[in-house]
Amino acid sequence: MTGSVNSHEILIMPTQNMSKGDEAYAVSAAIPLTAKGITLIFGRQSNEERKLEEGIDAGNKEFGVVGGEALIVFEDVFVPWERVFMCGEIDFSGMLVERFATLHRQNYGGCKGGVSDIIIGATALAAQYQGTANASHIKDKLIEMIHLAETVYACSVACSAMGYQTQSGAFYPDPLLANCTKHNITRNIYEISRLAQDIAGGIMATLPFDQDLRSSEVGKYVKKFLVGVEGIPTETRMKILRLIENMTGGTCMVESMHGAGPPQSQRVMYQRLGNLPQKIKWAKTLAKIKDE
Amino acid sequence: MTGSVNSHEILIMPTQNMSKGDEAYAVSAAIPLTAKGITLIFGRQSNEERKLEEGIDAGNKEFGVVGGEALIVFEDVFVPWERVFMCGEIDFSGMLVERFATLHRQNYGGCKGGVSDIIIGATALAAQYQGTANASHIKDKLIEMIHLAETVYACSVACSAMGYQTQSGAFYPDPLLANCTKHNITRNIYEISRLAQDIAGGIMATLPFDQDLRSSEVGKYVKKFLVGVEGIPTETRMKILRLIENMTGGTCMVESMHGAGPPQSQRVMYQRLGNLPQKIKWAKTLAKIKDE
Amino acid sequence: MTGSVNSHEILIMPTQNMSKGDEAYAVSAAIPLTAKGITLIFGRQSNEERKLEEGIDAGNKEFGVVGGEALIVFEDVFVPWERVFMCGEIDFSGMLVERFATLHRQNYGGCKGGVSDIIIGATALAAQYQGTANASHIKDKLIEMIHLAETVYACSVACSAMGYQTQSGAFYPDPLLANCTKHNITRNIYEISRLAQDIAGGIMATLPFDQDLRSSEVGKYVKKFLVGVEGIPTETRMKILRLIENMTGGTCMVESMHGAGPPQSQRVMYQRLGNLPQKIKWAKTLAKIKDE
Amino acid sequence: MTGSVNSHEILIMPTQNMSKGDEAYAVSAAIPLTAKGITLIFGRQSNEERKLEEGIDAGNKEFGVVGGEALIVFEDVFVPWERVFMCGEIDFSGMLVERFATLHRQNYGGCKGGVSDIIIGATALAAQYQGTANASHIKDKLIEMIHLAETVYACSVACSAMGYQTQSGAFYPDPLLANCTKHNITRNIYEISRLAQDIAGGIMATLPFDQDLRSSEVGKYVKKFLVGVEGIPTETRMKILRLIENMTGGTCMVESMHGAGPPQSQRVMYQRLGNLPQKIKWAKTLAKIKDE
């Protein structure tokens, strides 16, 4: 669903383990987006109208506009047999979901680690523009943001490093650590965003429209009273604050929570992969408890 | 600034302690919003265009539209002498700020405690509509949200209960506990919102437009595929999800962070009011350390 | 159980709701500790042998020695009828437990708020003795400790302020806020202790014995190399570090967790007292959802 | 210092960056522990007297007794020239400290990850013995503990995987991620311990002495009233609870905080290695801010 509107082809697959009677839903295939019978109903995103404007409020159209999820409806879509990957094999639908989820959870630490680096940079810059960059609590919060971002990145690296080659020749990340990666993201990105909003200041949410900045009537006020430190005009300050606003609220956050599966799906995997019996055995040895 | 556009009068006052040379800024006065020379430049809020629409996405116009901050510019505004409360008294500007901040921080626990109650109710309802309300992790997260909301409410009650009557006859809350109230809000509201987004699901951020629901072309799909549990049509589900979206992201969050002063301003007050010397004295007594 | 060994009388009561068939356990009575048939088996506490020593490691015998829990065994203990408060009234055992728990959870914020104040004072003093008190991160951590302590104290105040007078004439705190008090303690005290151990430094856990300080052979080394800042001898520094050690680890922590009921018992109360239906009703009003 | 008392040789090295005038302290050497002039004053540990006892309370003497820090005093110790690694080279003392710290912080995730696995196993076992293992909140807390343990382990793997070979042929971990590893430990181990104490129950801190269990007078009570679920005698239950007690309090915790450097030392490294200028550059590109 994510990114489907700007894709050449879309891939469908089951979303859960299946059992006898579910055969009709145990299907996977690749289909051109333009195939007859496919309808995409695009989700409404935070502040989406702004992207149709000109100026600062529109954000960066080269990089910022393509994401987005769609409700994809199939109605009598023809799929050539050579593009069908699963058709009724219920025994493998659970494994397929788990494989997909593991790979998706692996790459989240790289994706959101990178997103976090941008937020950290933008926040540090906003602090410079607003003259607070040297306050010890600002520096400490930026350090905390770096810590949280490096943690999710480290998890992504770890599940990759501990991965292995499957019989097919492809590499597969360590599933426990891949789930650990995504689970940290469902928390750390929220805290990074909270700290970004702390440092950016209330101005982030009270900023006038770009049209006000350019208005012949009130533009002079916006330029004068919302100016940054020496050499930083209001316009430059607004640019960085709008970037932080876009990256720390709304759709972005929900995507960090639910993309690649909600938190509880990772916790289910912890229960399955956490190997409590082995941990209990070690504890018994140290506590000198003999198995009966 | 907050709520000024729909007020009869606005009140201006200093925002910090002042010293010799700052007399021109040590002013406080009440002015009708319509006074000559006042310009309000309204801030751009999250998803503000939606409020001009009809239908679900517009939200609740009776209750949800009035907040909002404005950049307020004064240019040769005449203020009758009887509405001037401070004019150059630099010795009192610090006290005035502190008094105002204390009262504002006190009431945040009531305000945001109430807001949280709505978010909790909306989230519980979304879980019911989506069939997840009986999962133990959902119930546990709702309990956590209640705990966080009750904590901010408790702080508001506590600073009120420990308040005292000033010579003027007015009551003044305990300033240390009032700061404690606001400081918890800058954290708990973010965590409450995070949990709401966890429970509400990815659908919260991928929901189609209200126009799509009503579309003669694709409305049937939205109605069919995004329906809730038995008896809950898509429309009802969309209403509650849009409410959660509105209350857990964007402007609302920044306001919880910075309204009544940013977190660091509360920490400065902890340093001033925390009375470390008394705490050190108690510790010395217990550790049998005699003062030299 | 807590404090029983140094009490004149002990009070027994049920620990849970009871139903038909449990009559023999629905009993409450007051009994002198010295009554025939009572055996107390004292629990083993952290570092309890130190209390039998002389010198710094023994801690403060006037204030620090009396706590402690005992396994209390009753074997054919005679209880005069006038000291029996409940005898088989299963319908009231649940209410009795809830009343007791509410009052106990109320006072935890005062108790542990005070304990926290001592820990904060001791930690601030250790920082002074060790020359780190002016570092911005030390000051910030002390502020955080104050915030966490004031939060538990505020909850205690709030549930008292919102309490009411029962028909008996006694006052009863607000049960939801009383549970909120205790629930915060099961978290905040641990975080306060963690920060105390951060500031106190590794020396807290590597400190030599008091006998080493006084040893004719190695005492000179301990005095020379573990000295504090100018004017603070090793002995004074050791006193405050041992106090922090005693208050931030072992038995003390478990008591913060489980005294007046473990965390889950408060969460059960949140589920019962949190009034989700009312919150759902408010959310429905705002989202314009009509009850069917 | 750690483990010195049971080592053949000890290694000394500088603990900070040095400058002109510090030459006499810029020394590194290996010395046999038995060399003339070396005095070790062993630190007092939590519950150290128990290790001299027989029975459950003594813990596991094979594995649990060797750690421990000592104040090590040098007085005219002769060091043969071939065992001196640094002697006045102030330019390299900072680098030496950083290298040592990076390697030490790297391995903490493996060490404390393993320690955490034991705590998790012991806690799961205690829950089984006490009949609470199937409660959903117990299972959820164990999952949380696994998540926290896997996170520190993942960081250790990541800094190793991103390491590189130095000119000497030795491998060196990524310093930023090594600091990330240790920084997570200063938090996660405390939370893991808190959750272990939550699940283990108040009994962990109120458990009688091993001698009481074996007492001819009161042993029968301890055996009867503190028994576990069917088939688990009091003795077995006590063994696992004492293990949890030993691993979640006192010296162990402080060591997690300060071993390989206190939290602030990692934050200083974040400031140096976090590369804010690069992050700012990326943010500028996205926000379309041109460098002047």
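Annotations for the structure displayed:
Going by the order they are written in, the chains are A, B, C and D; count residues from 1 in each one.
One rule holds in what follows: contacts are C-beta pairs under 8 Å (C-beta built on N, C-alpha and C of every residue); 3 or more make two chains touch, one makes a residue touch a chain.
For clarity, every value in this text was computed on a predicted model and none was experimentally measured.
Counting C-beta pairs in contact across C-D and across A-C gives the higher total for C-D.
Copies chain A and chain B of the same chain sequence form an interface built mainly from equivalent positions, shared numbers / all numbers used being over half.
Between the Cα centres of chain A and chain C there is a gap of 41 Å. Averaged C-alpha coordinates put the centre of chain C at 27 Å from the centre of chain D. Among all residues of chain D, those that touch two or more other chains are 137, 140, 267.
Against chain D, in their complex, chain C makes its touches with residues 1, 39, 41-47, 49, 57, 69-71, 73, 135, 137, 186-187, 190, 194, 197-198, 201-202, 204-209, 212, 218, 221-222, 225-226, 245, 249-251, 253-255, 257-259, 262-264, 267. Looking at the complex, you find that chain A touches chain C at residues 136-137, 140.
Contacts from chain D toward chain A in the complex involve residues 60, 63-64, 117-122, 124-125, 128, 139-140, 142-143, 146-147, 150-151, 153-162, 176-177, 180-181, 183-184, 231, 236, 239-240, 242-243, 266-267, 270-271, 274, 276, 278-284, 286-289, 292.
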